[in-house]
Amino acid sequence: MAAPNLRPDHACLIVHGKDQPGIVAAVSALITRNGGNIVALDQYSEEPTGGAYFQRVVFHRPNLAAALPEIQADLEATLGSAFDLQWSLTDQSTPKRMAILASQQDHCLLDLLWRHRRGDLPVTVPMVISNHTSSAEDVRSFGVPFFHVPSVPGPDKSASEAKILELLKGNVDFVVLARYMQILSPAFLEQLGVPVINIHHSFLPAFIGAEPYRKAKERGVKLIGATSHYVTGDLDEGPIIEQDTIRVTHADSAAELARRGADVERQVLSRAVLWHAEDRVIRHGNHTIVF
Amino acid sequence: MAAPNLRPDHACLIVHGKDQPGIVAAVSALITRNGGNIVALDQYSEEPTGGAYFQRVVFHRPNLAAALPEIQADLEATLGSAFDLQWSLTDQSTPKRMAILASQQDHCLLDLLWRHRRGDLPVTVPMVISNHTSSAEDVRSFGVPFFHVPSVPGPDKSASEAKILELLKGNVDFVVLARYMQILSPAFLEQLGVPVINIHHSFLPAFIGAEPYRKAKERGVKLIGATSHYVTGDLDEGPIIEQDTIRVTHADSAAELARRGADVERQVLSRAVLWHAEDRVIRHGNHTIVF
Amino acid sequence: MAAPNLRPDHACLIVHGKDQPGIVAAVSALITRNGGNIVALDQYSEEPTGGAYFQRVVFHRPNLAAALPEIQADLEATLGSAFDLQWSLTDQSTPKRMAILASQQDHCLLDLLWRHRRGDLPVTVPMVISNHTSSAEDVRSFGVPFFHVPSVPGPDKSASEAKILELLKGNVDFVVLARYMQILSPAFLEQLGVPVINIHHSFLPAFIGAEPYRKAKERGVKLIGATSHYVTGDLDEGPIIEQDTIRVTHADSAAELARRGADVERQVLSRAVLWHAEDRVIRHGNHTIVF
Amino acid sequence: MAAPNLRPDHACLIVHGKDQPGIVAAVSALITRNGGNIVALDQYSEEPTGGAYFQRVVFHRPNLAAALPEIQADLEATLGSAFDLQWSLTDQSTPKRMAILASQQDHCLLDLLWRHRRGDLPVTVPMVISNHTSSAEDVRSFGVPFFHVPSVPGPDKSASEAKILELLKGNVDFVVLARYMQILSPAFLEQLGVPVINIHHSFLPAFIGAEPYRKAKERGVKLIGATSHYVTGDLDEGPIIEQDTIRVTHADSAAELARRGADVERQVLSRAVLWHAEDRVIRHGNHTIVF
């Protein structure tokens, strides 16, 4: 299927590290001398001088694919020596490969598949993995392979994690937990080696852990929210990509909170996925810079 | 000064307690036979039958003041015997007396005074008490008495609380903590005997306690919020009246969060104060019903 | 398929007309003497006395179905004689029958079908009619009949409208235009005889008519919106049920506005449909009262 | 009075014009060779190649004041010859001089003065001019000069406009119409020669002209809004800087819409003023780029 918002002959360059004078000048001179025209540039420095430095540049370059090796070499030579920086260069005509892990709740899963089919997400979806079979038919109707990996009861998840790893390894650029209700072990995350994005059904750090809507009802809050974040070894503590809230009232039951919260969850997750797929999100310790 | 949104010949009746069939019928028949016309009625039952029951009725009654004693007696006779209910009846042409406690930050304080002067709040403001003198001139320019009660260093607040109590006792119907940075003791709250409304500068229950903007910056949230709640003996745990959030970014420093949060704080507090003053808020355990 | 938020033994009574003292008392006494317990009651009077009057009551009544004829007769006797009021009584365990008219854009259509399948809308969907065939397979995968009625070019829509009317007549309680890009004639609306709800892709009354996103881009607005309203003979002028807006920037193209606006459209339309299906919306001239 | 968010030794450079490869490189090289370190950079190109180009750079440069003439000369030499660009360079330690024109409604006026006093706006306020005297005492309590220039009845505003012009001319960098209810003539705007920012009490382009809250009530909208824009010769048609909306209901009277709208107006206006004062807004035809 076509993914219409891929951008032929556009590259995205992310640069971050220690700030020092001249980085923007060096990077933009490099792009110019390699035949590129800067289309969008965002830059952020934590401090006036000497703090952390973050930059995202999108540039247009005719025949980009052929020129990429040379640009990479130039980046290596320019940024590797004079500056203390990390960089990554991606071709915006190449979609990222996104796997989705899901459970019984299908709202986030189907929303992502539907957005992908519309061409709103610059990704391919090589597979959906679920610990339930209820969504199999829906997923396959989008032309996406579906794999069922049941969750074994008990604390030892290693068997099912091994199966999931076997499916994902080498086949995906990032993974989305679309209300996947299992906690992934640190070992799994390390072996997977690609970013994992989760949606938590509360405004973190409020209501960490299980059953946030029940807790929200008990506390009597007047807004509920959702948070999308990168998954780390600490439950619900990873770097936040996006959050949002909506208004509720005393008359909403916990079930009604869950029903209404589903709308915020899929909005928040879809924005986080889009921004990640467009290389707009830079991780920095436990924070994100979103350009 | 005039308080234009007082409503002559309008009464507000709050009824709550144990639900049972016929309450609405009994209350509305009572209002009709006492010459009143119902202008607004909100009702909420927790369960289809037998749960908690909440009702707010505003009715128009010519020559209300003269009729009030008779209506009160009828309520006593009607609701006291056949139903297990609490009720309160207020004359909406009588403003509530609101005292404000403040510290150095003046944004919530001045916003309330300004809204009051515009006639947007159905209250009088008999006094402002602050543990700093910085706002004295501003407060008095609104025609409002200002009292300075310094906070004594150390854990024993009893001396300053005694002074505050002496000023407030009998003179006010409710108290607003407009970023008053002192914790009030349970003994003080009990002796005061009127509702106390606080504004906390976070989306509770996230970032309970001191320095919520610094904590929000450290966690890397993408929204900040404010919460107005009734004060109880448990810090930041009282029943929530109103909350709201606004969007922030990685580029906002903790100081910028505080600057931007000030706008949410004064919006949220002013709504909570307005609703309390209009008898729209019913406390129920650690929750509020807001009609 | 089950529609879980239907409420067995609950009835919704809508009363509106000319305000006069005693309506609430009469209605609630009627409900009590017919064995009902009021679960929710909203009431609104335009003026303190003598203006327009609106009331919505939900009550629980064991064995409701059997009791309905008697309650209807009592309403007729009580409200028909002493008051100048209109009323309608609906059994909340009976879903409304909702037809959807659609064109090529599928986001509102699929969102409604998906919400219905989840049990979030108290409706049945007897049919989807579209002037394109592109959504046929998707619609049928939800177990919903799909009918293709092509739009004939030119101003005379009477042939296709006659076909649509034949399908709808007698089979539906209301119709939703889910981005159906054809204007319905006054004659069609009159013969149809049930409410028609539209979603317009702008914050009305801004950008009436065709291509609102292009117009929004041209005007340089900083927010875009969506409006759901009842359809009348005047294009985009019917009573508004719900509206919402989201933030956009100078960098968003008209295509990006359309992509992002699709999210607001489906949110706004789904709320309007839910509220209509729950009998929360009362039309009053060119306005709506939403309880 | 101190204006704490002025930034010593920081300059803001705005560049816009026709896009061509190498602009970012040339500008950033220029900043580097003049001893500056880029702290924030935003760039936007309308098209991949050859469209309109917009850039905002903030850079830190020790002893900026002394270096400014040299940097200006370098900009002249660099951008004037090789590129078809306009640019402006401002010292962010120098506040802009902002005059406020007001009428009887004081909410926007007092909000700006209060924000200024808190140090939230990088401006000085050399004067407030009003066609009413009601705010004189309040304005002067902020230490700001107040001038009363009555509006002459009838269409000929030339006499009062001449007086206002005499006061403003040469003394201000921009003018804010804080609910100033008079229309300024094109001749006045031309002679004034500095930007004029207005707040309109609706979500433009809905409800252009007088009495937008009354019109909003008549149309039955579910949200009301406010719009801040640069003033041009066409009423309510100038480039929009910022907009926002809030939710209202059928129960809000036109007076209540005005009361609640006042909150949105002052929020929207204060953001527009802040962004203008920080050189974040670039006018482009009838649009704005807001960085």
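So that you can tell them apart, the chains are marked A, B, C and D in the order they are listed, and the count of residues begins at 1 in each.
Criterion: contacts are C-beta pairs under 8 Å (C-beta built on N, C-alpha and C of every residue); 3 or more make two chains touch, one makes a residue touch a chain.
For each chain, UniProt lists the protein as follows: A, B, C, D = Formyltetrahydrofolate deformylase.
Just so you know, these numbers come straight off a predicted model, no measurement behind them.
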item	value
Target subunit D, source subunit A, minimum contact steps	1
Farthest chain (mean CA position) relative to subunit D	C
Whole-Å gap separating subunit A and subunit B, where each centre is the average of the chain's CA atoms	42
Distance between chain centroids, defined by C-alpha means - subunit B, subunit D (Å)	37
Per-residue multi-chain contacts in subunit B, two or more chains	40, 44, 251
In the complex with subunit B, residue positions of subunit C that touch it	10, 19-25, 28-29, 31-32, 35-45, 48-49, 55, 60
Residue numbers on subunit D that touch subunit B, as the complex places them	40, 107, 110, 114, 118, 120, 138, 141, 251, 259, 263, 267
Interface residues, subunit C side, partner subunit D - complex	44, 203-207, 219-223, 225, 239-245, 249-251, 286-290
